[in-house]
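Presented below are the structures under discussion, each in the form of structure tokens.
Paired with subunit B in one complex and with subunit C in the other, subunit A is shared by the two complexes that follow.
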Partner chain A sequence: MCANPTQLLIPLHVSYIQKLGDSKDDLAYHLSAHLRLNAIYWGYTALAIMNHPDALDREQMIDFVMSCWDQEAGAFGAHPDHDAHLLSTLSAIQILTAQDAVDKVDVDCVVKFILSLHQPSGVFAGDQFGEIDTRFLYCAVSALSLLGRLHELDKDGKREKTVEYILRCRNYDGGFGSCVGAESHAAQVFVCVAALAILDRMDCVDVDTLAFWLCERQLPNGGLNGRPEKLEDVCYSFWVLSSLSILGKVHWIDVDKLVAFILSAQDTENGGIADRPGDMVDVFHTLFGVAGLSILGYPGLVDLDPIYCMPAKLIEAKGLRKSWEALPRREA
Partner chain B sequence: MSTPAPVPIQGEEPTIPLFAERPEWADVVPLEQYEGVNPLAPIMYTPVYKDATNYFRGIVKIGEKSQRVLELTEAIIRLNPAHYSAWQYRYETLLAIDAPLDVELKLMDEIAVKYLKTYQVWHHRRLLLTITRKPAQELDFITRSLTADTKNYHTWSYRQWLLAYFNDEDELWTGELDFVDAMLAQDVRNNSAWHHRFFVVWGCGVREGEEDRERVYKRELTYVKQNISLAPNNLSAWNYLRGIMEHTKTPYSTVKAFVRPYTLPIDPTSVDIVDLENPPPTKGANLPCPSAIEFLADIYEQEKNTLEAIELWTSLASQHDVIRKKYWEHRIRDALEAART
Partner chain C sequence: MLYEAAPLVLKLFELIDQPPKTIEILPGDLEQWVSAELPLKSPQPSADFPFVFVEGNLGIPKKVLYTLYLTSVSVPRNADPHHAKAATCVTLLVNPAHQTALNTRKRLVLAGLLSPEKELEFTELLLRGPLDCAKQSVLWDHRRWCFGRLYDSLGAVNTQMPLPLLHGRYIPEELKLLPKIPQSVIRDEFRIIAHACQTYPRNYHAWNHRHFIVGICYALGGAINESSEEYWNILIEEHANLRRWIDLHVSDYSSMHSFGQTQKLIDHLVSSSFPCATESAISSLPSFSNHTLLLVTHYPSHESLWMFLRIALGQMPSHKRRLILEDMQASSTSNEAFRQTLRWFGYNNS
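What follows is the complex of A and B.
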């Protein structure tokens, strides 16, 4: 791997994502079955942001998504035969929305599944096993919104309860955690802020305090961490930047240094982006590296909607665009 | 406190006989994984994992809940701790056959430390605890887990869940501040520990002996000042200081005398003065400290001393915190705007 690439190696990353899944002997492979549907969403979205939305076969993608349908629960598992979960259900809805294929799904069933996971406290469980987390709350709100069914939350005060729960996760440092009482964490800040944005309740956010906490995530090497005194990681380029973008403060960080950091985590031989320079690449960090660069106005990329983490045009076309601000797209 | 049992560390895939080769499993029909179209993801499982999950699907299909299901799901979890269906079925089985949950927790002690970063490990434990309702020994277990990874998000939030869930059990809470002390003594920059301190002191109601909030505030103020003095460049401690002042609505200006020495270059001619109210920066500290400059600027801003605040922000933008230059410039613009109107 050559040191410090200064450009985003788009053709290499496209071919890296296309080849994913060819590595059949990879030990890590069977261990990631529980993320398979998410992985396809990550791969597809990265391709779309790199302006190669057709690099994966549309029909195959839709067929795979539909094969993950859990008839009993009425939602999607991460893999055929897996139990339905909110994490994989959101990925399925995102992929089908991007492919204009939501008509293949029994939407009423999915909505029922999502609403059944709403807890009296206002948070959502991920599945019937009952684990709760603001991540699942975001998945529920985002999926309902993409399906045009957000108004279902208006029944029985679910919407207010949901907002209240998010606000109870706010900590003394201005950040948000995974549940009430838990430490602030940049990824949890994203899910909380993006959910508030979808719910049109950004008025609840102390913008300056939170945005400065997010800026403080930038380390001298340009990379961002998720909590004070933790290592930088490319995925925070999305969690932190998307939040800053929703707050309209992306320009508060050192853009050039962050761009250089993300680019330095590329595998210049086989494509893909790692958590940090020199580590193994994966599709998760590849998406979040590319997504971060899009928000930073990197030339040649497609605009990303930071709230839904999907192409901005698509979200606009659905009439779901909320207020956010990315840096202007630069010329190559 | 009892001595914790050593936690066995396993590095390799366990060598267990295939379920297909065991006579006691001969009555179960294994079900192959559905292998449909799969664009990013053709599955090639290892034979051991494939065998176990085939039998798992077979068991789920017939709805069997028995002792051997515990054995089977344990095997799967050891191969893939993120297999949430195996966890879920295991939990249902434990309840269905009325299995001894203390035995399960003991097994989980080992599995949790091995797979600290897996969500399911912790959720399973929460479910067990809501039934056993014996939280006391959990704290020891968590403390042991944290030695393996002192900032593990799941472990810390499990501890917070446990304390909040059993909020009324005062004896559960009595050792928490000592515990935080010990964690911070190990690493004073551990943000999780600082967060936990806030949770314990301010976040979860007022405990017996803590009713005098002014006294508690003074104790916490002294504590955080001492820790800043030992390691001034510690974002977590400065955040804690701000946090307790905001929480108690104490004006920042009340700590001006403490903060100021941290905003100056180190003074080699200074002599040690024991000032418990305002402990000075430790010898050899890297000064000035950007968090202190930011704090002092906030004090000036609150005092409407705009010019002094701007001078500090300018020093941050140009010298001490250049990476956030744009933010400091925004503060300067905002203050000038406010001063004009």
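What follows is the complex of A and C.
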């Protein structure tokens, strides 16, 4: 592996993602079965941002998504014979939307599943067993929005309750946690801010205070962490940057240093991006590395909607575009 | 539908079900352990028993466990109860984030085929065992779910005194569903959380779980007929423990955030009239702001500490905060944390 690559090695990353499904006998493949559908969304979206959306077979992908349908629950699990959950259901909806295959789904069924998970407090549970987290709130709001059914939250005051819950999760530092009273965490900041953006309630965000907290996540090596005094991690290039993008403050961080950090975490032999230089790559960090670079205007990438983490053109075409700013796309 | 689970998955499950005192994943494969010198009564590891089981402590060579995992993870979710229990047990040992495996166990509990007590026992072993387990939100949530099955709910709360912070923390529907966890179990839970936070620093979900347990102590402490005061004493004791923790972990902002949350509850207990036993315990606690000022003076480069100071000052009455900030400003400090604090509260550092 050569030190400090100065370019995004797109062909290598495309090939890395294409090969992911090849090693079905590997332990690693089985250890990640509970995340499979999410992983397909991560890989497919990374390819789309790198302008190679057709690098994976469309029919095979759609067939796999549909094989994750949990008939009893009326939604999607992460893998065949896995229980339905909001995390995997959102990934399924994102993939099918991008592949223009939502017609394969019983949308009413999925909407019913999502709404059944709304709690009296306004948060969403992840599944029927009741774990609550603002991540699931975002999954619900994003999925309903992508399906064109966000108005279902207008019944019985659900929308107000959902916004109220997010507000109760706001801390003095302007950030948000996973539930009421939880510490601010960049990933939870993203899900809360993005959900508020979809719900047209950005008035609930203390923009300057939160943007300051987000910028404090940048470390001397250029990388971003998710909480005070934690290590830098490439995935925060998305969680932090997308939040800053929604707040219109991407320019508050040192762009060149962050770009250099993300590029340094690439595997220059086999492709893929890791959480930090020298570590093993995975598809999760590959997506969020290229997503961060897209928001930073890196040349040769497709524009990304930071709220939905999907190609911007697609979201615009569906009439779902909200207010956000990315840096202008630089010439190669 | 009948099928054959690998006999070693069942064997491992039997060992875990005893339960052992501890579970550890050992490096290497069976070969490395076959000739290990073990105490006389311990079974020698072999192909039929590829485990190290010494005085109730269970060790499983990593490569053995991964082989068993490939079998356990392919057992369908609608398997018969015995195989489901065994398979999910082994699956979770390797992959504690396997949501469906945990759900399968919840279904067994709901069907009366697995007890919530055993689940708490099993998840405690996991949380104290393999490193990855302690950071999985689903495992902590599984414990909360088990508490909900095991103990009655609080119901409509009749409190000894108004607890406004309770009603800020929970809406009435949430409050009613809080489980009435006994005091001894609460103490054990704090110990499990402390262990997880020590072995996996900045453990987000462990600290969240602590927040849940603290909320229960506060709620039950205020409820009539719940032998309540002792819950508040536990809360105060834990708060003192947490202060000592912070002194030893000055970059652990998670602990400081948690401290600030609990301090609000304790400040409220102080400002209300409540039993003497609790009052004397509280009065022995040093002041929040003095503690943070001291820490920041000694360790000015820690981002966590100047945020901790900000929490402490933010929770003070404004006239007391003003005095401290004016002192800070007048001292023309070069301490970066103090300068950040002054900026935060809108004071220009001279």
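Here, the second predicted complex is superposed on the first by the 331 of 332 C-alpha atoms of A that agree within 3 Å, B and C clash if a C-alpha of one lies under 4 Å from a C-alpha of the other, contacts with A are read in each partner's own complex, and residues count from 1 in each chain.
Everything that follows uses one rule, which is that contacts are C-beta pairs under 8 Å (C-beta built on N, C-alpha and C of every residue); 3 or more make two chains touch, one makes a residue touch a chain.
Since the model is a prediction, treat every value here as computed from it, not as a measurement.
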Fit or clash between subunit C and subunit B when superposed on subunit A: clash
Subunit B versus subunit C as contact partner of A:A39, first or second or both or neither: first
A:F129 touches, of subunit B and subunit C: first, second, both or neither? both
First (subunit B), second (subunit C), both or neither touched by A:K257: first
Partner chain(s) touched by A:Q60 [first = subunit B, second = subunit C, both, neither]: first
Per-residue contact with subunit A, leading partner among subunit C and subunit B: B
First (subunit B), second (subunit C), both or neither touched by A:P120: second
Partner chain in contact with A:Q218 - subunit B first, subunit C second, else both or neither: first
Colliding stretch - subunit B into subunit C, listed as 165-173, 309-317 or 327-335: 165-173
Common ground on subunit A, meaning residues reached by subunit C in one complex and by subunit B in the other: 27, 30-31, 33-35, 81-83, 85, 127, 129-131, 133, 171-173, 177-185, 216, 227-230
Residues of subunit A defined as touching subunit B within the complex: 17, 20-22, 24-25, 27, 29-31, 33-36, 39-40, 43, 56-57, 60-61, 63-64, 67, 80-83, 85, 127-131, 133, 171-173, 177-185, 212, 215-216, 218, 220, 222, 227-230, 251-254, 257, 283
Complex contacts: residues of subunit A adjacent to subunit C: 27, 30-31, 33-35, 77-78, 81-83, 85, 120-121, 127, 129-131, 133, 171-173, 177-185, 216, 227-230
Residues of subunit C that touch subunit A when the two form their complex: 66, 69-70, 73, 76-77, 94-95, 97-100, 103, 106, 137-138, 141, 145, 169-171, 173-174, 202, 204, 207-208, 211, 215, 251-254, 257-258, 261, 302-304, 307, 310-311, 314
List of subunit B residues in touch with subunit A within their complex: 33-46, 49, 57, 80, 82-85, 87-88, 91, 119-120, 123, 126-127, 151, 153, 156-157, 160-161, 164, 189-192, 195-196, 198-199, 202-204, 235-236, 239-240, 242-244, 246-247, 322-327, 330
